[in-house]
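Presented below are the structures under discussion, each in the form of structure tokens.
The following pair of complexes shares a single chain, chain A, combined with chain B in the former and chain C in the latter.
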Partner chain A sequence: MEQLKVDFDKVIESLKLSRESINFRKKNFNQFINNGFPNKRVEDWKFSDLNQIISSNIENLRFYTDLELGETDESTFIDKFAHNKIIFLNGIISKVDFSFEDDSKVLITNDLNQNETSKEVNPLVSLNNALVASYIRVTVKENYSLNKPLIIYNITTKKLKSTTINLKTDIVLEKNSSLKLINLCGDNSENNFINIVQNFDISQDAILKNYKIDHKKNSNIKYSYNNINLEKNSISENFIFSTGSKFMKNEINCNLNDKYSSAFINGIINLTNSQHHEIKTNINHLAENTKSYQLIKSVLNDNAKGIYQGKIYVDSKAQKTNGYQLSKALLLSENTEFDGKPELEIYADDVKCSHGATSGNLDEDAIFYLMSRGLSNQQSKELLINGFLLDAVEKITDIEIKDLIKKMIGIVE
Partner chain B sequence: MLQIKDLKAKIDNKEILKGLNLEIKPGEVHAIMGPNGSGKSTLSNVLSGKKGYTVSGDVTYFNENLLELEIEERAHKGIFLAFQYPLEIPGVNTNIFLKTSLNAVKKANGEKELDAIEFLKLVKKKASELKFDENILSRQLNVGFSGGEKKKNEILQMSILNPKLSILDETDSGLDIDALKIVSDGVNASRSKESSFLIITHYQRLLEYIKPDFVHVLINGQIVKSGGSELALELENKGYESLS
Partner chain C sequence: MDAREKEIEKLKDYKYGFSTDIENTRAPKGLNEEVIKFISNIKKEPKWMLDWRLKAFERLKQLKEPNWQKPKYPKIDYQGLYYYSAPKSMDDKPKSLDELDPKLLETYKKLGIPLQEQARLNGIAVDAVFDSVSVATTFKGELNKKGIIFCSMSEAIREHPELVKKYLGSVIPLTDHYFATLNSAVFTDGSFVYIPEGVRCPMELSTYFRINATETGQFERTLIIADKGSYVSYLEGCTAPMRDENQLHAANVELIALDDAEIKYSTVQNWYPGDKDGVGGIYNFVTKRGLCKGKNSKISWTQVETGSAITWKYPSCILKGDNSVGEFYSIAITNNHQKADTGTKMIHLGKNTKSKIISKGISAGFADNTYRGLVDIARNADNARNFTQCDSLLMGNKCGAHTVPYIKNKNSSSNIEHEATTSKISEEQLFYCNQRGLNQEEAVSLIVNGFCKEVLQQLPMEFAVEAQKLVGISLEGSVG
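Moving on, here comes the complex of A and B:
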């Protein structure tokens, strides 16, 4: 922590900030210092002691602004379809490319948004606000739908000096606009803590599809926090593909602020060795006739640990809420652990809310059935596991992106 | 092709098969009839290699010790079990499963694997012979299939894999008369000098459509009586009581 304080002062100096910004960052930094990294005594972190995970994986927590950009690893880029790009290279924006769009309809700003997003202090969001080196806000103007998806690449290289990276993006969708977004990790560095904060403001009738992909095996520790605000009749579709990092916690806080808004959070956690991934969601139904749907499928091998904590909150105003969550986990070795914590907190009386959770091994009879048709044991298991995961992947409404994710998983058709 | 000598099988320390003897020659159709709990399904499971049984005795299949072969090796060598209760496999497309299965068998036998187009042609032909709605093949394997569709799917797999020994475990159960006829036609169409069948059934009904060369009565883990197809009728009239 002492080292981080020294580093923080250097960052403040190097970024040449306004007094107002300095105060904002200092305030956030102090909030982080007062709380520290969350540990298992914090209810939301009881299955993932981040403080312990960081201290046992990162020897010397340092923060630099890596302004010297290395080479971009081209193999990270998706070549299956044309797309707009924002590239973060070692935490610094190295490219912004919206060449498929009408530039009067997509607005880019780089001044850090200093509005408080939440009353409660999230020390990791505070840390992000304090140390973020490069920031981008994308505003999609009214009635505009992007022609091509936007991919935000988060690439790290071996040249990275800092052991922590803080990324922050805000996405604003004005009335009746739409955006398909992929957040793609390309990790080439080792043993870093990567802290990603994204805010989404989705106006009336707007649609956001957000696909979060962490697919390449890497030794990094990641936290991704999404705060989503939904206005009347807007839609937020989220898919989490969580399989690459050593540790990953995806936290989504979603506020259904007005009538007929809906949120979908589907995802898969697919882990080997001693990987440890968590999905934590808070869905807040704050207006009537709002809908939420969540399906999380987990496959755990070796000593892996998977966690899904899903909370559905229904305000007393939010009559006719429809909330659903289902978690299914396959535990393929005796040493795996899956923790599920569904929570329903309901203050309205005319609602439809349900949750379910199952965990177990592959069905031996199903393996026998497939092997009796000539498939090897390995082939049978792969087919069953892919079939298990496909259930969640099929929820992706964008065909192109669905196929991309299927290929990444290794589902053949 | 298949010789079973003194076959015993235990599960959870309970002896189910208690010294079963049977010989099947190429081209023959054998029916095994017996009351509930006599060991009919255990016999089909043991022959196709299901784990969990303690097995003793000799089972020779084309001069090889069948009991030493893995489940999938038995499939590669032409043994096919049509399940009494075909499993529902969510997320696995029926067509992809059929192609994976056929190509696994072909590969093991050193034959050329079928590409997507060749496979589609074959599966269309076989499906239409069985009056099997092609659209069902693009659905998840057995998921939401009716009882009849599941059984037809088993027979479709059988006709695609073209096995040497087909074991039909109560394929007639849960079939209405029309489906029974279609399934029987499918089996009859697969009959040849090389392919043999072991039909396990509770009732004589199926044997009206698939005429067996031999009928065996399995009671309490042993074959107590063998005869021609007329034995099935006799059982229908007198019941198993008279034999036990």
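Moving on, here comes the complex of A and C:
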């Protein structure tokens, strides 16, 4: 904690902020100090004791870094299709490139002076507010759809060790606009704690497609918090591909604020060794005729641990809600563990809400069937696992991006 | 409306709302060592029992009341309660049913408990617990012949100390949560059942609980042991008179099934739920836990929860023996300002263990109904299997229905399935019934009974009929 206080002062000093902004950060800083890293006594972290995970994986965690910008690892970049870029290198913005778009339609700001009156969400978001050193805000103007997808690269280099990186992005979609976004992690570093907060405001009739990809094996500990606000008739499609980091927790809080808005959260967790990943969702149906759909597929090998905590909240105003949630997990090895908490909290009577959760091994009969058709045991298993994961991947509505993710999983068709 | 009419109006809603004027012997108010000694002394308990209680009390001092649950309630003043209250006539214990205080018998008659002749007709052996003391145990002779022990807990402590010592607290230890520990310290009476090896209990055993005196808490303790290869079906019913204050009921129930044994435990809980505005009613904070200790054993819980201001209980199964089976069937109906937070825990430890959870929640008025459950499959529980289904029915948009299942799987050869749905009674269903000549209320009762069928079927015959009626009564006035 001493280190944290020293580093906090360093961050404040290095950023040259307004007084209001400094006060805002101090308030958030104190909120974090009061709670510390969450442990398993906190209900939301029941299955993942972050405090313990950080202390057993990272020695002498620092909260401030003054690393020089190094060389960007070109291999991380996607060359399958043209796209707009925002590159964070070791937590600092190194490149913003919107060359495919109309400048007047896409606004970029990165003013760190913030003084939001946002309420306290959780200690990690407070930590992010207190320490964030680079921020970007993308506003897509009314009736504009981006020509190419936007990829936010989050790249770290080998030099980065035992450090906390805080990133913050706000995306604002004005009326009837649309954006395809990929958040891609390119980790070359080891044993860092990466804390990402993203906020999405989606106005009437706007469409956001958000794909979160963590595919490269690495030993970093990550937490990502997304807050999504949906207005009338807007759509948010989210896909989480969670397979790279040592620990990763994706938390999505989604508010369906007005009629006919809908949210989709699909994802796959595919783990080996002693990886530990969690997906937590909070869908708040706050208005009539809103819809949500969630499908999470997990495949666990070796000593891996997977967790899905999903909650559907239906306000008493939100009649005619349609909420669906399904989590399926395959436990392929003796020492794997899958924990789930699919939760419904419902205060309106004219609703259709259901959830399902299953976990178990591959179906022996299915393996036998495939083997009797001439496949080896290994091939049959692979086929079944791929099929199992494809269920979720097929929900992706953008073909280019779907193919990209399929390739990353290693599914060949 | 004058006071008398109001009283009558009240009585219409809750037909068990009468109280009986019987002189009571009470322990001094409050919770302290003296009271515990008083209880132990009045029950003529041996020293080991008193020591056990005091140990629990020591532990209780270090515990805090849990506060994670959904239904919040005002703080309970534990020092303002009477922990022991017995009808005075019990001081010189009656030898047979004829000697019982006729007023007591009348109370039970109003409740519809077949204490005497009815008992024989229905073939149900009843152990009735009135406030804190077990009043009479019917059918003893017949059970004795088979070697079955069915008596009050106090009697068991005196007559069968070896069994009580061995099993009491073996499933719900002294060191458990706040209310269980409180019960261990101050429990007053309850039922004790022992079924010897290979015996199939020829009749349904039954207890009836009733809280009569004011400002009393009821802390009964039930212990059922089914020895190898035996079978028993046990019923429990509960009522309480109407009072403005909230009364606490914190019981502990322990079941132990040895090799090849089967225990079926059914509850129809109809404690006073409080009035239309949520004043009064029972806090039903009960700990029920069964241990499938032996191979191929089976424990099945069935509950119909219609009463209580707050129901907070999770009848659980610890599936320790290989091939053991746990079942949980539940209907929880909440109306007006009632709150229920109920569910089960299935803890799979043995190989090839199976569990099944069927939960039906119905919420009307301003009520809140939560299913909270845990399915935990341990590393060594190979081929474990669980199926869970939770359905909720909502009536009106002032009430809530929630599902909070916790699922933990550490074994790759096991299989867990969970599904939950929430819906309302559809207009089409209602219209269809109306069209066939049923009025709105009959139609709702019919549809709700259909919704609950799967659970009602699990109840023994005599109870099923009562439960069906109860389902109808509890929802009266909630639609229309």
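The rule we apply is simple: the second predicted complex is superposed on the first by the 398 of 413 C-alpha atoms of A that agree within 3 Å, B and C clash if a C-alpha of one lies under 4 Å from a C-alpha of the other, contacts with A are read in each partner's own complex, and residues count from 1 in each chain.
In this text, a residue touches a chain if its C-beta (ideal position, glycine included) is under 8 Å from a C-beta of that chain, and two chains touch if they have at least 3 such contacts.
The shown structure was predicted, so the numbers you read here are calculated from the model rather than taken from an experiment.
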**OP:** In the superposition on chain A, see if there is space for chain B and chain C together, and answer fit or clash.
**Re:** fit
**OP:** Report for A:366: first if it touches chain B alone, second if chain C alone, otherwise both or neither.
**Re:** first
Original post:
chain A residues in contact: does chain B have more, or chain C?
Top reply: C
Original post:
Looking at the overlay, does A:375 come into contact with chain B only (first), chain C only (second), both, or neither?
Top reply: first
**OP:** Once the structures are superposed on A, label A:384 by its partner contacts, choosing first (chain B), second (chain C), both or neither.
**Re:** first
Original post:
First (chain B), second (chain C), both or neither: which does A:109 touch?
Top reply: neither
**OP:** Using the superposition on chain A described above, determine whether A:338 touches chain B (first), chain C (second), both, or neither.
**Re:** second
Original post:
With the two structures laid over each other on chain A, which partner does A:356 touch: chain B (first), chain C (second), both, or neither?
Top reply: second
Subject >> Overlay on shared chain A, then closest C-alpha pair between chain B and chain C (Å) >> reply: 15
Original post:
Any idea which chain B residues touch chain A in the complex?
Top reply: 48-51, 70-72, 74-76, 80-81, 83, 86-87, 89-93, 96-97, 100-102, 104-105, 108, 140, 157, 161
Subject >> Of all residues in chain A, those that touch chain C in their complex >> reply: 43, 316, 319, 329, 331-361
**OP:** Mind listing the chain C positions that touch chain A in their complex?
**Re:** 68, 379, 392, 394-424
**OP:** Using the touch rule from the top, collect the residues of chain A that touch chain B in their complex.
**Re:** 363-366, 368-377, 379, 383-384, 386-391, 412-413
